[in-house]
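Two complexes come next, and they have one chain in common, subunit A, joined by subunit B in the first and subunit C in the second.
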Partner chain A sequence: MRSRLFIFAMLAPSFTLLALFYAYPIFKNLSMSFTDLSLLGMSRGGNWIGLDNYREILRSGDFGHILFNTLIWLTATSVAIRLLLGLVIAVLLNSTALRRLRMQTIARLGLLIPWATPPIVAVVIWRWLLDPQGAVNKALVGLGILDQPVAFFANVRTVWPAIVTIMVWNTVPLIALSLLSSLQSVPEDLYEAAELEGANQWQVFRYITLPFLMPAILVLGLMSVFWSFNNFVYVWLATGAGPGTLTNVLATEVYIKAFVDFRLGYSSAIGMVMALVMAIFGAVYLRLVARRQLEESL
Partner chain B sequence: MIGGIPLRQSARDPGPLAIAAAAGLAIITLFVLVYPAVYVLIGSFKPGGGLLSQAGTFTFENYLKIFRSGFSRFVLNSLVICAAATLVSTLLSIMAAYAFSRFNFPLKRTLFTGVLFGQVFPWIVLINPLFVAFAAMHLINSYVGMILTYTAFTIPFSVYMLVGYLVTVPKSLDEAAVLDGASRWQVIWLIICPVMLPGFVATATYAFLLCWTEYLFALAFLTQTELKTLPLGLYQYFGDDNVDWGAVMAASVVTTLPVFLLFLPIQGGISPGHTVGAVK
Partner chain C sequence: MFRSSQRVLILLAAAMTMSGAAMAQSTTITFRFNDTEAEIRGAIDEFQRQNPDIKVDLQRIGWRDARNQFLREAAVGQGPDVVHSAQVWVKEMGDAGATLALDSLLQQSPPANGLADFVAQDLAKNSAGKIFGLPWTTDTWAMVYRSDLLKEAGIATLPQTWTELRQASAEIFKKTGKAGFGFPAGSSASGAIWFLATSYWWSNGKALIVAKNDGAYDIGLTAEDIADCMKYFKSYVDAGDNPKANLAASDAHDPSILQALVTGNQAIGSMPPNTYKQVLEAYATANPGKPLPFVSGPFPKGSLTRSSNIGGRMLVINAHTKYPEAAWKFVRYMSSEEVFSKFYRTQFPAQRSLLKKVDFGPELKGFAEQLEYARSWGAYASGPIPIGTLWNLAGRGFGMVLSGQRSPEEAAKELLQEVRKLMPQKS
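This part shows the complex of A and B:
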């Protein structure tokens, strides 16, 4: 009995905070999404308008565009590139050639630098490098690849690749280092067996290394989907959803509608759409990751 | 190898060409990863961030300028908010993680699943309701509001990480102490804490870094300049039309330096898999 009380006392403070900061807001957000609550009239409260906000979302011409940006550019493209590059870097670092050169330690240190850089600073760095007067333009013009400097973040065709570049630069080290540690746990005798069978390098990679890495790739991919889909900072600080609203994504739309247009009710409805999409990812997360973490931890 | 003669030429033994190619690729990769950060460091010591001027003059002017214009206030705000939040969050998380790692109780799996989901929860969805609640309780533009927020948002990650550490400490250690007459509360702080101190410190460090670099909540909940945290302060050097690159570079270095100093020592001791939640 006393231990029951002790357990309760140990858990109560954390879970009270979690309830107040996660559970309560999500229900509050749901109820706000049915109102026309304005940021300027918070004390007055909003009027119940039923599903009007959701109807407006479906009718608005912007929403399809925002959803496309979020799913295709912010999430799918950035996650695919960072997994692929992460894999390439990990395999490269693990290669016999680099081990021969004893370059692993310095390479690991190099990877730590973008990883430890705060996202906000990563955006600053790349806005500076990609500035019309910045180093990248200087180099490209100097090499004769460009005739004149390009304002990468203002150009319709380059703005998304530029944002994805920032995200990949900032997050690829975590993927690469995680995959590297998985690579180093591939049993050596598997390779030896394949070699005896006369497998070539590609076959070894395709039939031994890749299947062995697959669980790690899945988990990292899924976690990356969460960070990317919900991410606000990169787009907001790199372009402010611009030029115009060209790079608007769900997270920036929630913020803009609430804190620029003062429409808290409508913004909350968009938040609920995000939560719905996340619930789908969440179900996958529960099956693939959370269950395993649960078994490992408890 | 027998007697210095290769027994069998391995198919995976790379030739000089393969070594050169791998080295070349590695150097290019490293350059792309490291160069941008190094360039900022150099730029912070050049007039105008080195963007406009070609002259390689070395100057502290950028740093002097930001600190004269009140940047130290942002540093102080960040330090107070992040340190307080980290302290409270880590203490509460140690308590919860101890319960998870040592006892069986009803709803244990459900609660822990909640912790796991907390790590991937979309914070942006919580902004509106929290803003309304904070406004009603006068917690906008307040240290207390930010500390509570950061405490709550670092708990899921800290609990998960701490449970990972605590399950490695044998339960017999606790039981021996309990038999000797120690209370469970004493066990946590007098027996477990010294053993697990490196793990606790690592967890607290990650929690601190999570707060230190947080932008979204700070943006929504802090509108008064004198209360703003570092990331917000950094961004105010971006004007609508012109950017003071020198100031931006210097402010970036000031923001990043503590992260490097804290991150590098603990990174070695933890597997990357364990820190997956640390990057948000």
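This part shows the complex of A and C:
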């Protein structure tokens, strides 16, 4: 009993902080989502309107399009590319060829540059690079790949790939370096045994390297999904959710409704929908994918 | 020993009393300004020199975040004492309880030439008639032209109508290979296409929101009116005389547009005067000693008139300021002739008496001419839908058309539906 009390006393400060910084804002946001609170009426407060905001979200003609952008482009595409590219870079950095060339340190330092670049700077750099007069267009036209320069952020076919490119460039180093540290924990004798058994390179990667990387991939995947799904800066800074509403995502919609249309109540309801989607995803992911994979690999 | 300690104590007490008195005399107010510090620093320093008992801390924020940041702060009793505000925000900030009603301060110490001397006073009053801001600067957009490119294309006179502008732009593109009328065609929530579309509608005697005789508001455009305007601006992008890259530009001061004007890759632009001054300065810096190949002109005429919105800024005082008198003293000084003649020369004053004294110069002649046709937002500002919401909806609608996602007819219909949803329901 005394030890329980001791544990409770030790945990109490952490729980208090969690309650203050997580639970309170969530409940406050939830209560705001049931009101018609306006940015212009914050001192007066909003009127209780029940589930009206949620009904409006579900009936809104744009919601499907915004959800699709958020789930498919902003999250699924960017996370898949990020993980795949991160894995390739990590394997390359761990390769004996790079070691022989004594390029490992330079390559790792080079990889840190995009990671150390703040998102706003990354967007500015890439807007400049992808400008019709920018280096990318000049190179593509010079190589004969394009006849005319393309306005990547204005063209409906290229705007999403352009945004995803910035996101991947800015964040892939974290994935690559995290996977690299996992790669370096694979026991060398496993590789030696595989070599003695005559395994080819693909078999070594598939049956030795990948199982060791799976726990890291799963955790990084989960983190990347949360981070991408809720991300605001790349879309807002690169396109302002345009052209038209083509690149509007849930996070930019929250901003537009709160700070352009002044509808804080409605905006809070979108925020709660986002939290719900991520909570469901997290639960399903942990239950169906991560737990099984982690059990298999351990 | 005792005597020397006593002396030290007496000196210490005297020093504390003196510094306490000095602190009591000195008031520090915060001024949040949304343009560059260089524009206003001289005026602030001079105010502090003339009023040694008032210290002004300058804060800076971008226009894009200025209103929301202040509203958030004011809602919890925080924020700067004096705030730089767009004219159209003042009424809603006053209604939100964020800013101080200035009526009593205006009565106690009115501005030098009285309140009637200021333009856009209607935008400073709420529905109860209380005044929440003092108009500070005023301006309007006008057209700017590269005279050398007009000459190269064989265009002798400035376009006078929207049709002539379209023809001139196409002619320049055809004969010189340079962009004609390069306008920011992006669709962000604060996109510049809103100003062009509004000017187009107003010049044709129409408006998105109109006030009715009974005091109610209505939509003043049909889907055909909106689609017609969308088609007009889309034709520039489709034909290529407004480069497709400008679909990613939303602001009049977008670097790609300014750069194109400076380097002579674009012949025609549309912008406020401070942006135009940046273009002139950039050209002069890049081409020292060369005459400026720029000329400004008024907006094209529609079926009724030429039109543009009279924009500008006001100064407002935070409702929660501890120093309303000091803040008002600062606001009055900032509106004085001394400030506009000696320090703050990038903007035009909002007082008619001072405006008459401004030397616009040959390059800015078009802006002076356009000011005669400029009008306030009127029903857009006083109506039931926040102007920012209208701006965002119109920008998105135009963006979808210009980028080819929707036909003008579809987008016009959708825009009208969205605006209609936000209008108060008729009983």
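A few remarks follow.
Keep in mind that, in the parts below, the second predicted complex is superposed on the first by the 259 of 298 C-alpha atoms of A that agree within 3 Å, B and C clash if a C-alpha of one lies under 4 Å from a C-alpha of the other, contacts with A are read in each partner's own complex, and residues count from 1 in each chain.
The rule is short, and it goes like this: a contact is a pair of C-beta atoms (placed from the backbone, for glycine too) under 8 Å apart; a residue touches a chain by one contact, two chains touch by 3 or more.
The model shown is predicted, which means the values in this text are computed figures rather than measured ones.
Applying the stated contact rule after C-alpha superposition, one finds that A:Leu101 touches subunit B and leaves subunit C untouched.
Within the superposed three-chain model, A:Leu246 lies in touch with subunit C and out of touch with subunit B [touch as defined at top]. In the superposition on chain A, A:Leu40 makes contact with subunit C only, not with subunit B.
Among subunit B and subunit C, the chain that touches a larger number of residues in subunit A is B. Of the two partner chains, neither subunit B nor subunit C is touched by A:Phe205.
In the superposition on chain A, A:Ile26 contacts subunit B only, with no contact to subunit C.
Of the two partner chains placed by superposition, A:Phe63 touches none, neither subunit B nor subunit C. Of the two partner chains placed by the overlay, subunit B and subunit C both lie in contact with A:Phe259. After overlaying the two complexes on the shared chain, residue contacts for A:Met274 are found with subunit B alone; subunit C is out of touch. In the superposition on chain A, A:Val121 makes contact with subunit B only, not with subunit C. Common to the subunit B and subunit C interfaces on subunit A are residues 42-43, 127, 131, 133, 259.
Per the touch definition, subunit A reaches subunit B in the complex via residues 3-4, 6-7, 9-11, 13-15, 17-18, 20-22, 24-26, 28-29, 32, 37, 42-43, 89, 92-93, 95-98, 100-101, 103, 106-107, 110-121, 124-129, 131, 133-135, 169, 171-174, 177-178, 181, 191, 195, 200-201, 204, 216, 219-220, 223, 226-227, 229-230, 232-233, 237, 250-251, 254-255, 258-259, 264, 267-268, 271-272, 274-275, 278, 282, 285-286, 289-290, 293-294, 296-298.
Of all residues in subunit B, only 10-14, 18-19, 21-23, 25-26, 29-30, 32-34, 36-37, 39-40, 43, 49, 51-52, 92-93, 95-96, 98-100, 103, 105, 108-109, 111-118, 120-133, 135-136, 148-149, 151-153, 155-156, 159-160, 163-164, 167, 184-185, 212-213, 215-216, 219-220, 231, 234-235, 243, 245, 248-249, 252, 255-256, 259-260, 263-264, 267, 271-273, 275-277, 279-280 touch subunit A in the complex they form. Those residues of subunit A that touch subunit C in the complex are listed here as 39-44, 127, 131-133, 149, 151, 153-156, 239-246, 256, 259-262. Residues 68, 71-72, 74-75, 92-93, 95-98, 185-189, 191, 243-248, 250, 256, 386, 388-389, 392, 395-397, 399-406 of subunit C are the ones touching subunit A in the complex.
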